[in-house]
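What follows is a set of structures for review.
Heads up, the next two complexes both have subunit A, just with different partners, subunit B and then subunit C.
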Partner chain A sequence: MRELKLFYGPQHLGMVGNFSITLKVEGDRIVKADANPGYLHRGFEKLMEQRTWMQNFPLVCRINVVEPDHMELIYSMAVEKLAGIEVPERGKYTRSIFCEMARVASHLFGAWAYANMLGFDTVANWAMYHRDLLLDMFEELTGARVYHVYLRPGGVRRDFPNGFTDKLVKTLHKIGGKVPDYNATFFENSLFKKRAEGIGVVTREEALRMGAVGHTLKATGMKYDIRKIEPYDAYDQVEFNIPTRKNGDAYSRLLAIRDDMIESVHMIFKLIDKMPKKGAVYTKTPNPFKWNIPKGEAYVRCESARGELGLYLVSNGKNKPYRAHFDTPSYNHGLTVLEKALEGESISDVGNIMMSLYVVAPEIDR
Partner chain B sequence: MNELKKKFESIFNNITVNVVEDNRIVVNIKKDEVLTFLSYLKNLGYEHLSLVSCVDWINKSEFELIYILSSYMAKDEEYQEKEKTKIIVKTRIPRKEARFITVINVFENAEPYERELHEMFGIYFEGHPRLTPLLLERDYEIPPFRKDFDMQNYVDNTYGKIPSIKERKKEQNERT
Partner chain C sequence: MSKTSYLNPFKAIKYLFKKPQTLRYPFETLEIGDRCRGFHKNDWEKCTGCGNCADICPNKAIEMVKIDGLEVKPEEGKKDERPQLDYGRCCFCGLCVDICPPGSLSLTKDFLHIHFDTDTFTFIPKDEKLDKETYKSEEDYSIFQASIVHRKENYDGFSPDMRYALFEPDRVEMPEVEPDVRKLSFIEQVIGYNKDEAKKEAGRCLECKLCEEACPAHLKISDYIDAIYRDDPKESLETIYEDNPIPSICGRICMAHCEDACSLQIRGDSLAIRWLKRYAADQIKNFKEELEIHPGEHTGKKVGIIGAGPSGLSLAYFLRLQGHEVVVYDELPGGGGIIRTGPPIYRMPLEAIDKDVNYIESLGVEFKFNTKVGKDIDFEKLLSENDAVFMGIGNTISFSTRVKNSEKCALALDFLKDNKIGEQRKVGKKVIVIGGGNVAMDVARESIRLQHIQYPDDESIKTKIVSLEDWDELPATDVEVKEAKEEYIRFNPAWGPKEVVLDDNGNIKGLECKKVKSVFDENGRFSPTFYEDKTIFLKGDMIIEAIGQRADFSFLPEKLNEKLEFTKRRKVKVDENGMTTIPKVFAGGDIVNINLDAVTAIADAKIAAQGIEKYLSEKPV
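Coming up: the complex of A and B.
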């Protein structure tokens, strides 16, 4: 059959986000895929070199639109490591609760995108509604809905308002109560199973070779999670499971994401119970305009909703970073793994596979 | 950690190994030995390449290439000390006509990282199968992530100069 070149995205209806793939197709089958990012490149890493350490927060959180909080977390962790700042006990718990909220919100957004693309509009609307409930909580806590700029080196910006945790528990119960409905209409729906089972298989061996992290690896059975490997903040204080699946296809990846979300909800309850009732939530830092951080370099990593997230940060003793380089999970998934996973699949499954790999385009471009 | 340090120093010459407190090992190595050292580390079990990065030390007119390695889990359910270790391999290359060897043969996922470094810093990686542009759309005289790239000048030339507040007020007064 004749080979054709097909430009898929960023305006294509089946594409998620500002991302494009050049496909070589033979009939409906993909022979070769060539990922083509760059539609959202804003050069944040270069811009960060021109601003003071504290001024960088509004930039950093815009790297990942769906879950900005882990970007703030990784940047604060790196600055803390360079400047030698400790986080107080209550601050650690506050941070962990906040980041788990962000994880749940991000997974709900992912469920929206996935369901919406496959035509499960009811489920998509539920997921968006439930994410909105969490955004209300974020708004009450930080004053903003999407980009919060709540974390800072040394802790968080302010303590929980009165009655916040009770409201949060109520909201999470409301979301958790809907999980059986999600299962019936989406996750265990035979229509959805037919679309996702056996599609876009990434085996263990391929995943290791191509540097996969997060759910791509968890769907092959490995409990690779930085929260367990190198516990930061309050994650060593609570018990939690890392949900895994065995098959490595799109369906097992999505189920691993769902279980991760449920696990996060349970973890928030445990964190709220264990949290110290009183105490400071941040350590004081110097005047941000005169804050010179000692020479050195830091490499820190945390577990974002998409997998291992790293930051390499260099300081040359001035009040601005010398070099910052983010190692985002979507970078590997969207460029190396996606190209491999698409080979031999049909055109109608491109968005399906990309969503199951949990790729977010702004994270690739930065 | 210190065992690893001894091991590295006994096998490789011209190498400085520093053990930093938070499970980091920083290795400075000559540029000819990087490929053999990386494949040696991969055989030791450090098979996860997290990041390939570059820092432009313009005062010394050198680029510093950085490879950050860690290890996947040996057993699916058990967490061991080894996974905490992060090995940072550093090497320096001259800034003028910067060239280096690709490490794709050792780590397959280095491909997009090297493509990005080629685009942003202008480092040519020998043996790389596609050094085509990854993120940018324009051609630049100086690759944009180098320290001597003048951002203000670039913005003025590309998008037109934005007048300062003083100049704008002056213009307004002249009009009225």
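Coming up: the complex of A and C.
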């Protein structure tokens, strides 16, 4: 059969954003997929070299639009490692709760995108609404809905406002109460199962070889989570599971995300219970204008909603970073894993598979 | 797969019968979080115009703009600039709020801007007090007109909070000798920062440069502080020397006008600028060997300077750098002038003075000590031998209260001078000091030290201060008063001396005081009034008067003395070049300015240096 070249995106309804794929197709089977990033290159890593350590916070969070908080977290962790700053106990818990909130919000956003893509509009609207409830919580805590700029090296910028944890628990209960409805209409919906089961399969060997992390790896049955391997903040203080699936297909990946979200909600409850009631939430850092961090380099990693997120940060003793380089999960998932997963699939499933890999285009182009 | 699962999704139908979750905005109001980061608001009364918000803004959305008609008060650290926001750039991170030293900048919950003109994105925020047009009350506010200039009043969002400020409000504590130890001897009270402490303190500087405008001599403070932070005391000291050639002296006794203007001082402690200057001066052990400052090429011009005090020393240095030949005359056996005789050893050790004087001497300035102009050398001769003459003679004669028997009292300057460079005075067991200024504090604190030395283990020793001014109007600095109290000096504020009471042998028995009604008249001029009937008697066997001092112009020949004009405040009148009404004669220091401190004397010397340079270059050879 004749091979055709098909350009999928960046202006395409089923696209995850400023990103495109060039498909070689035979009929409606994909022979080869080529991912084309670069539509959203904003030069963040270079820009970071022009700004002081403190001024970089409003910048790093914009690398990942859907989930800015883990970007802030990894940057603070790297600065803390370079400058040798410890986070106080309450600050650690605050950060962990904050990041788990971000994980839930991000997963809800992912559920919206996936459901919307496949035409499950009802579920999409629910997910958006429930994410909005969490954004209200973020607004109350940080003052902003999306780009929170809440973390700072050594802790967080503000303590919880009065009565915040109660409100948060109430909100999470409200969202959690809808899980059966979500299951019935989406996660365990036979129509959805039919579309997602068995497509875009990535085996564990392939996943490991291509550097897949997060839910893509968990969907192949591997318990790989930085929160367990290298616990940071307060993650070593609470019990939690790493939900996994066996099949490595799109459906398993989505269920891994769902289970991860439910696990996160439980973890927030545990963190709130265990959190010290009083104490500092940050360690004082020097004057931001004169803060020179000693020469050195640091590599730190954390578990973002999409998987292992890394940052390599170098200081040459000045008040600005010398070099910053992010290792973002979407990079692996959106380029190598996606190309592999699309091979042999139908054109109608491109968006489906891409959503299941949970790719966020801005994260690929920094 | 069971068949029911195809029907499962229909469970969602129940939501058809529920209330919609969507907010019907704007008919239903949106509740906004208390920390909402919306448009800026700025309290202009608190705002100093320091520009730290503009410096930290990652997007350069904030620009400091000059506001016409706004008062500039350098001594209070107030500029006539205010932040202007460009909302096309602002990312609402709120770093400007957390860095704002006075805490004037905050964010409100307003975030809607509806307008046809993109220029309206640029905005100078004010607050409700100044801008009633922008901030509307509940009734006047309409969401359909919502914009940067149509906002709700008292709708505060993300606000400044000292607990989370980005700057460091607390000063690195200066190690000092404990009051109980220091009052027993003349040991230097302030120990000085070590390297780590100095670097940490220097690191607090926000580089807003309000201090530089407040400093009479306009030292490049933020530059030399930054050099200390970078651990380069040599560069720091060289920067100081550009404007201030007596760093060891000023690092100890400067009145630190800069610290009053420091933006950190508003909600925390000011930067210890004076102590950091001292640190830089103390770090360099040998100025001559380490500093790279060279005198200018010889011009062949000769300038005579009367008085080796701060103004004389500074002028000698500045003129020497310009290449003139400079001779300094002083009646004292060493340099420093009033600094040599006045500030007690525990504050101003002689070695530190000599360090500065010797360096200036090493640059080629000639000093003629023990030479009193008018006695050892004639003023007119001086005037004819030199191309210009500078008078930096300072105030050397103490005023007396002139109450009955006051001739039995000691005078402050003589008392301080004898103790410092002469023979230590014998003090009484109960000393009364009259006066409430810094000189009175020096006298009292020196007196209690002498009492401890001369009457060891005697518990009856006592030093009291009697001042016209009440606690809140004492002219002495708060630090001096606090330290005097720590050394168990008793204060009797708001009492005026009435009579020195003598016993039958003519020795002092005590001081009769009367209650002060008011110190200043309605115009704020010094004019004390008393309740003549309300009196107390303070017991004492020695009384020292420290109520002020004046200059001694007796060295001037009568003809010239008549020519010398004074201002209304009894200061020598000088023009913008520092020249007095006598041609060729320049003046500066305490006889010219009303601040009566070293750094203002340096500022006078800078003016005179430029004036003399101008005068010499214009004068026909």
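Please note the rule applied: the second predicted complex is superposed on the first by the 366 of 366 C-alpha atoms of A that agree within 3 Å, B and C clash if a C-alpha of one lies under 4 Å from a C-alpha of the other, contacts with A are read in each partner's own complex, and residues count from 1 in each chain.
By our rule, a residue touches a chain if its C-beta (ideal position, glycine included) is under 8 Å from a C-beta of that chain, and two chains touch if they have at least 3 such contacts.
Keep in mind that this is a model prediction, so the values were computed, not measured.
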Item to complete: Check the residue A:L141 against both partner chains and state whether it touches subunit B (first), subunit C (second), both, or neither.
Response: second
Practice prompt. Quick one: classify A:Y322 as touching subunit B (first), subunit C (second), both or neither.
Written response: first
Worksheet item: Taking the superposition as given, does A:Y312 touch the first partner, subunit B, the second, subunit C, both, or neither?
Response: first
Worksheet item: Does subunit B (first) or subunit C (second) touch A:F7, or do both, or does neither?
Response: neither
Item to complete: Return first, second, both or neither, reflecting whether A:N287 touches subunit B, subunit C, both chains, or no partner chain.
Response: second
Item to complete: State whether A:E188 touches subunit B only (first), subunit C only (second), both chains, or neither.
Response: second
Worksheet item: Which of the residues in subunit A come into contact with subunit C in the complex?
Response: 51, 54-59, 122, 129, 136, 139-144, 147, 149, 157-158, 161, 181, 184-185, 188-191, 193, 282, 284, 286-291
Fill in: Parts of subunit B lying in touch with subunit A, wherever the complex brings them together
22-24, 47-51, 53, 55-56, 66, 68, 72-73, 76-77, 79, 83-84, 86, 88, 107-109, 111-112, 133-137, 144-145, 149, 151
Discussion item. Which residues of subunit A touch subunit B once you look at their complex with the stated criterion?
Written reply: 37-38, 41, 43, 45-46, 50, 81, 208-211, 217, 221-224, 228-230, 244, 299, 301, 308, 310, 312, 314, 322-323, 325, 327, 331-332, 335-336, 365
Worksheet item: In the complex of these two chains, what residues of subunit C are touching subunit A?
Response: 1, 5-6, 8-9, 11-12, 15, 21-22, 32-37, 55-56, 58-59, 91-95, 98-99, 107, 157-158, 161, 164, 166-168, 202-207, 226, 229
